[in-house]
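Structure, as structure tokens:
Read from first to last, the chains carry the letters A, B, C, D and E; within each, the first residue is number 1.
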Amino acid sequence: MTNMLYSFTGLILFVFGLFALISCPHPLRKILGGNVMSTGIFLFLVATSYRTDTASIDPVPQAMVLTGIVVSVSITAVALVLATRLQQSANRAMNRREKKNEGGAAEG
Amino acid sequence: MSWENALIVAILMSSFLPGIIIFMLPEKSTGLRTSLNLFGALLKMTLVVIMDLAIYYGRVFHMRLELMEGVELFLNADPLSAMFATLSSVLWLLTTIYAVGYLEGSPNRSHFFGYFSLCVTVTIGIAMAGNLITFLLFYEMLTLATYPLIIHRGTDEALAAGRSYLFYAFGGGGVFLFAVIWLHTLAGPADFTSAGFTPQLIDNDAPVLRFIFLLMIAGVGVKAALVPLHGWLPRAMVAPAPVSALLHAVAVVKAGAFGITRIVLDVYGIKNIIQLGLLPWLMTLSSITIIWGSLRALQQDGLKQRLAYSTVSQISYIALGISLADHRLALIGGLVHLVHQGLMKITLFFCAGNLAETLGIHKISEMAGVGRRLPLTMAAFTIGAMGMIGIPPTIGFVSKWYLCLGGITAHNWWVIVVLVISSLLNGAYFLPIIITAWFGKQQGSWPREKNFGRFETHWMLLAPPLVTALAVIVAGIIANAQFSPLAWVEFVVQEYTR
Amino acid sequence: MDSAMTIILTGFDLLLSATLLWLAWQLLRSTDIFKAIIFFICFGLLMAIAWVRMHAPDVALAEAAIGAGLTGPLFLAALRKMERKQKKERRFDPEEKRDNPDKRWQVRSREASPLMWIVAALTLCFAGLLIRTVWIIPRPLPGLAQQTAAHLGASGVDNAVTAVLLNFRGYDTMLEVMVLLLGAITIWSITHAPFPPRLPDTSPVQKSAVRLLLPLICLTGGYLVWQGAYQTGGAFQGGAVLSAALVLLLISDFLWLPDMHSLPLRMGMVLGPLVFLSMAVLGIITENALLRFPPEQAGAFLLFLEAACAISIGLSLAAFFAGGRPASDLREKPYQTDQPDTEKEGS
Amino acid sequence: MVFPAFQNVIMHTLGLSLVAGAPLLLMAGCCLRPLREASFRLLPLSVLPALLAVLFIPPGVEVEVGWFFMGGAMELDAMGRIFLTLTACVWLFAALSVHEKFRQDPHRFRFAGFFLASMSGNFGLILARDVLGFYLFFALMSFSAYGLINHNRTEMTRKAGRVYLVLVFLSELAMFTALVFLSARGETPSISAIPAADFSPLLLFLLFIAFGVKIGALPLQSWMALSYQQAPIPAATALAGAMVNAGILGWLRFIPLGHIVLPGGGIFFIVMGSLAAIYGVIFGLYQDKPGRALASSSISQMGLVTVIAGYGLLSDEAGQAALTLMALFAMHHSLAKTSLFLGYDMIDRGGRVSGIFLLAGLLLPCLSLAGFPLTSGAMVKGALKELVAMGGGSWYLFGKVFLPISSMGTTVLMLHCARLLRQHNRSNGEGNTTVAARLWIASIALVAATPWLWPPLHNLGRHSLQWQALAQSLWPVALGTVLALVWFATGSRLPARNRDVADFDYLARSLSGGFMQILVAVTDFFAGLRHAMESWLSRQENLRDFIRTRGPGKWEKVLGRWSVVYLFYLLICIFLFIIMYGTLYS
Amino acid sequence: MVSAESWIAVPVVVPLAAALLSFLVRRGSLFISLAAAIINVLAAAILVNQFFVSGPAQYAVGGWDPPLGISLRTDGPALIMLVLTGLTGVAISLYAWGYFSFRIDQPARAGRPEKQERFFWPLWMLQLTGLNGLFLSGDIFNIYVTLELIGVSAAGLAALSGKSASITAALRYLLVSLLGSMSYLLGVVFLYKTYGVLDLGLLQKMAGPTPGVIAALAVMSVGLLLKTAIFPMHFWLPPAHANALAPVSAILSGLVVKGSFFLLFRLWFDIFSPALPHTAFSLMGALGAGAILWGGIQALRQQRLKLLIAYSTISQLGYLLIAFPLAFTGGNSQTWSAVLFMASGHACAKIAMFMSAGTIMLHLGHDRIRELAGIRAYLPVTAFAYAAAGVNLMGLPPSGGFIGKWMMLIASLSTHQWLWALVLLAGSFLAVAYVFRVVEQLFVIPPDAPFIERHPRAGLLEWPALILALISLLMGLIAPYPLRLLDTGMAPQVVQVIGG
């Protein structure tokens, strides 16, 4: 029951994340979506191993999730840096354009 | 590896390796390049002649390389391949000499001669292909090897011609590939044998086989310039004269005609193809091509264009002969024309090249009186043209004669009518050139005259057409001798009419 | 008692799930991205609770430390970097939403809206299929619990998760450590640490707090690593804690990472993976299999491994936070004017 | 004994080969700069091997040259001997004349080259034993003659050459086709074994065209007047005296007269021949140039040969008779024509021969052609009458009416010719004409003497000496003479302006021009169609524009959106789900 | 001592070590990496040899047998990809050497090329590790980790040039890669839920059409399709490949997409083929057909060389997919082999093409197709290499592409699937068109061609490209050897399934 419930929660989180990753235009939101997505999968995975009886819990999914979390944080970090770089250069370009416009207006 | 295998490989390598080395040579090392070229050409010719002799005395040349299950490279030199190989290697030697003279001092020669050598290697490969896959392999490679030659000048026009060539050649190649594979799935892997595939197949799949045949003919017909598929040929005339010679006489067009031959004789087999009733189709197609090519040639003022259309027409003589494959004489006529057309057409292209290179003449209307300025060239041209018309004792007459004999023994009057009309038209477009060249009055000065000292033009440009012109006459006169092309073709045909 | 417990737990589960889903929805749909990040941190913390509920304390610890503890600040830092300059240079725009700093992100979404409905419907359909599949998967679910338990003794550690992580599936972990390092390398390759991450007004209170906290944090990290062999904990958790210390140092101006020479950093980052790799190769040489440890000394090996990895993980995570390589390292002309590249690469 | 036999074979092979080979060798000499002066000097000697062969090669010697042009063979049979003798004589005259006349000509080597090539062809075809050899040499002769005709390279010679070439080409094609039909059994027959069984009217028609061009048979005659007038006179001599015979020989060789009966063909020949005979006369009377007039006389005379052949086709025995008669006629005609042309040549070069002697010299061949008693013409016409008698029925009657009329016409025409020759403007008065005069005189002697010295004609000669025969041959000539004299005396001339019309020139030109125009239009149409198709296919600019800016470019942008990609992601995923669930439940 | 089986670890361990060292010791990174690449090839050769001697091998990492531990395995497909990666890896390393020394000698912006070089080597080595790990791995979760390794390093490589365009592309690439690998991971979870094992070999034995497998296959396939850039989901590939540095483009286009494709191939043919209905294969074929045509058309409309090549990658990947329905119904195992054979031929050709494009760009400063004429005068080898590689793309004999196409056509015609055959042909025509659009520029030398200074190290740029191009060109002639590898490598069960 519990693992079913958490499985569903995990899957829905996955789908949320997926939808956000696709539909949100902002890169940060996309990355957030990716994180939610992976968290959903992790939940889904760990829910598999859940047993009421603590002794018979399967440690393999937990190990996998640990691995997954680390991988996920790496990707998140890389993506964030890329997004930052991108946004910064976009900002610079915008500023430049504005500056040019202002300069042009001043001259005109 | 037996010596036979070694010989096959050596024949292929004798132009391939020089080609590769030439690619790597710097532009300036003219001497080395020329000697490599000539050495390769001579070596190849010698080896091919040795192979011819061995074949004549019953040796078998086989070489197999399995690529995968059911797909193998198979090189096999039978008399027919020996014929084509000999033609190509001999004409290659001449064309090489000619090209060396023609391109003297022009840029990018390493590139040019490299592809030139590759081109002939591939042609020999086509000649010696022992099954459809091998044939296909070399056939497609031929397109690739000739393309750089066609666009060699690099002008927009040349590029357009190259594009057109690619469009046609790869279109045909694709169709051919399709047909080959289809046949492969029906008949399984098979070598070229005079029996063709098994007759049972006909009972089961006759309509499919017919369709495949059409596809195959369309595929090779592009290179053989069968009529609706000939558009690339006149356009490809922007290439330098040696390339035109190569296209028309040594490699491309010939490869197409050779392909038709192979398909009819060795892939399907004469018996099968008659049973399928396919020959009349081929005959119709080739007849239309013959007439059409001649008619179009009549309307060209550009010398090379006229020659190109004449090729369109002449090459189909071969197909016409093949389409009467069950009649020995017609078959002989068709096959021997493979050799004969090569000799004649190469003469004409050499001469056209001389006119362009020495005097800057590209049009027939500029040719009045040129016979006095370039007597030897024009003599060669005259002989070549006579051959094309079929005036005895040239070889053109010999092939036409055999074709007609084949037609009459087959009670196929159509062939005779076509040939006579074609001859009439040939005369109509060649005789005026000859007349105006010899008897016309020179109008003003030549467009772009170059002087070459002792001879009327560069000796390397002069010798090849003279040799081939001589061959046009001599091979006709000695047609019945034991070592003439005709005799060899009779030897070839033995195998198919047994 | 059991049934009462079950009911309570079920209620808790339902509540937790609903909260998680609500948070996820909020963080994905909220208009302000800053809020979204805050939601995300909350989400991470709740997830940690969920992990505990799942009897996965190792995961919970990792989630708390990394998922919420590190990822949240990473996002915040990124957001700040994205907005900072813009703010500085466009001071007269207080109304500017923090979200969507760049208009082009928005335009596209509006355009796509009819499509979005179809996509949303299909997404629902997709979710339905997934859930249905889970529903019909035959139970009980198989697993590797028994095998793990059977071989736990030979693994050299008592914690089953650590045994799986470092011994049974040590190969995965080796590659995973590589992914972490790879992330760091990639970030370094992309840019310098682009701005001083310290706060402009580092108060003395903060500094002294950091001074006090630091040894404690380090100790905690070390303990977590040590404990990993027996109970919850391990290299990742320990490393995450270590990285927290480093981040503190960074933002409190103790360590000026961008000014550091890169070699010691690189050595620290490479240390863990390198030790891991050496152990793996040692396994080939001594035990005839990649990553096989002699069962007797396995515990010691693994501890050593964990310690080394923890250092590297801490450094790598800190590098994530710093967001680039040290400023002195491989200087290139800064991108003052990012003109359309006319250099070799064309545009 | 082997050795002498072998030696003989070699000698014969060499001898026969040289007949055609010697002129070719000399021709080659003319082409090579260092040798050409000497070669030109040796020009008349080129005939020597032919004359020697006539004298020394025994009958029945057949030489096989297997390697030569698909199996060549040579033989000098009786018929061949007649023709070779005759032809050699004519060529000898012509060669001597050329040698004399062209001594100073700057283009003499070229002329000599063509001349020798034609000669070689002419000799070769006589000796040829196989049809292809005949064809080969025939072609060599015909095409080389173009160079003779168009020697002066004026507008008129060029036109003459063109007409000649077109017709020759036609004849070559017809001959080629005929040869193909002759070889219908699959192998090429030898000339002596032309299969009578396969002989079809079509074949006959082809042969008519093939050789009709050479002898100027009716629709194919238009080259003759042009060429005879425009070619240098020695060349015209060779054309009229020697090469025409090749046409006759062609018929003789290829139509197995005496073995076949083709009444329809015979009638066709008779009709065409008689028309030609009459047309020649009428056409000739229009002319005011000696060359053209002589040409029309050739047309007319060759019409008679055609008539002979026609009668020969009517029955077997007539065929045998016709065979001989055609050979004799050829001889008779060519000797007379040669003499006339040599006279023309002499006059043209301003030869000084006294008036009455000139007239006599000119009249002799003229009268011979007209069939005046005691000349070869009378003998031949006598024989012709006998042949006509063999025709039987209505064709006998036709012959009886036609022959005198033809004789009469010929007489008028020949007198017209003689008059034209006498009045001919001496174009270049100076120059040594002794050789020309001697040649002319020799030829007259030959014309006069041949009927009496040549063994085959003895019978005929004796027959023609009978009174009845004399009378029969005399009255048409006499009547013709009277008519001619009346015509001359009244001084009236036929209008010259219709000459070209009568030439069939317009007709031919407009016919062929129209045909060509149609062809061009048709091909242009198809080529245009094709071109349009190709350009439609390769209208790369438009296509490229389309690909670049519209269609694909736009859609690629759409595909570049996350949501679209996600749509596909979901679609593919759901599709896979569904189809796999399908298998689960099916 | 060290046992022979342990060679299997070398392709993973050595590049990994090289990556660490080249990150640590920057000066020698080039030689460290080069040595690693060479050792990698040697190891691959040794593995191939072992394979021929003793057949497919399985190697339990850490001595723990599956299902508990992770196994590495060598079989035909894995080995052929391994050899391919090894060979091209050496070539790419050599090329990169030349490339960076060229760029460092002519710095356009201070320090930038040097930075690129410093980070290129570790990233490239990690990429190599990931690929080798992927090919050798026998564990689906381990494969996920390698996928991430590949994905992140690929994004890092793609971003290496530092331009805005490439950063955008890299971010997109990273997100797509994340989406793909997450989908894959979801599939892994489903499988684990169903069978409780992660080992491929065990899964192969257990797999049947169960709900878990269905869900797993659906999400895994779509994720991998996305990562492989198959037609409607290819949007990320062209910008990423076209804006990267030349060696990077070569890696991405030649190897990286092949990695995820290999996985797809493995799942569909090796593991789960019993669970898959015919329609699924047809769907793959349809996607492939779309890719061939769309990629070809897009390649035709590009103005820039690298974009053209990138789109041609999309087109060529379609061939690999179109083989799916053919192999399924083709009734002969050859088609199955054709897929990987073709993939490796394409990899060589594509790498050679990107290398050539990079060389041209370095010398010319741009890659606008219309202005390439004349380059042959200075870079003849490059021009030839491009053309030779093009032959493979066109599928002309004797290239590897031809052999692949041949086998596919045979399969399609013998089972009367005309449509696929027509698409294959149409794809070839498109390939001819877009290859020759460039080749015609490369092969002519207009009289007014600009003078270009050749770099002294240009040989390092030109020859690796040529050698790879020639390998791809002549691959058809050596086809029996790789095909033997594939034939023996196939598990008997699969033969049965495919053959039946």
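A few comments on the model shown:
The working rule: contacts are C-beta pairs under 8 Å (C-beta built on N, C-alpha and C of every residue); 3 or more make two chains touch, one makes a residue touch a chain.
Keep in mind that this is a model prediction, so the values were computed, not measured.
Common neighbours of subunit C and subunit E under the contact rule above are A, D. Averaging Cα coordinates per chain and for the whole protein, the chain whose average falls nearest the overall one is B.
Chain centres were defined as the mean of their Cα atoms; on that basis the chain farthest from subunit D turns out to be C.
Per-pair tallies of C-beta contacts place A-C first. Averaging C-alpha coordinates per chain places the centre of subunit B 72 Å away from that of subunit C. With each centre defined as the average position of its C-alpha atoms, the distance from subunit A to subunit D rounds to 99 Å. Taking the mean of the C-alpha atoms as each chain's centre, subunit A and subunit E sit 28 Å apart. Averaged C-alpha coordinates give centres for subunit C and subunit D that are 106 Å from one another. Within subunit B, contacts with two or more other chains are made by residues 163. For subunit D, residues touching at least two other chains, in rising order: 561, 563-566, 569, 573-574, 577.
Looking at subunit C, residues 108, 112, 116, 119, 123, 126, 129-130, 134, 141, 143-144, 148, 168-169, 172, 176, 179, 182-183, 186, 190, 338 sit in touch with two or more other chains. Shown are all chain pairs that touch, namely A-C, A-D, A-E, B-D, B-E, C-D, C-E, D-E.
Those residues of subunit A lying in contact with subunit E across their complex are 14, 18, 21, 27, 30-31, 34, 37-38, 41, 44-45, 48, 60-61, 64, 67-68, 71, 74-75, 78-79, 82-83, 85-86, 89-90, 93. The touching residues of subunit C, counted against subunit E in their complex, run 129-130, 133-134, 136-138, 141-144, 147-148, 151, 167-172, 175-176, 178-179, 181-183, 185-186, 188-190, 266-267, 269-270, 273-274, 277, 280-281, 283-285, 287-293, 330-333, 338, 341, 343-347. The touching residues of subunit D, when paired with subunit A in their complex, are 562-563, 565-566, 569. Residues of subunit B that touch subunit E in their complex: 23, 65-71, 73, 107-108, 111, 133, 136-137, 140-141, 143-144, 147-148, 151-154, 158-159, 162-163, 166, 170-171, 173-174, 177-178, 181-182, 184-185.
If you check the complex, the residues on subunit E that touch subunit A are 141, 145, 148, 151-152, 155-156, 159, 164, 167-168, 170-171, 174-175, 178-179, 182, 185-186, 189, 192-193, 198.
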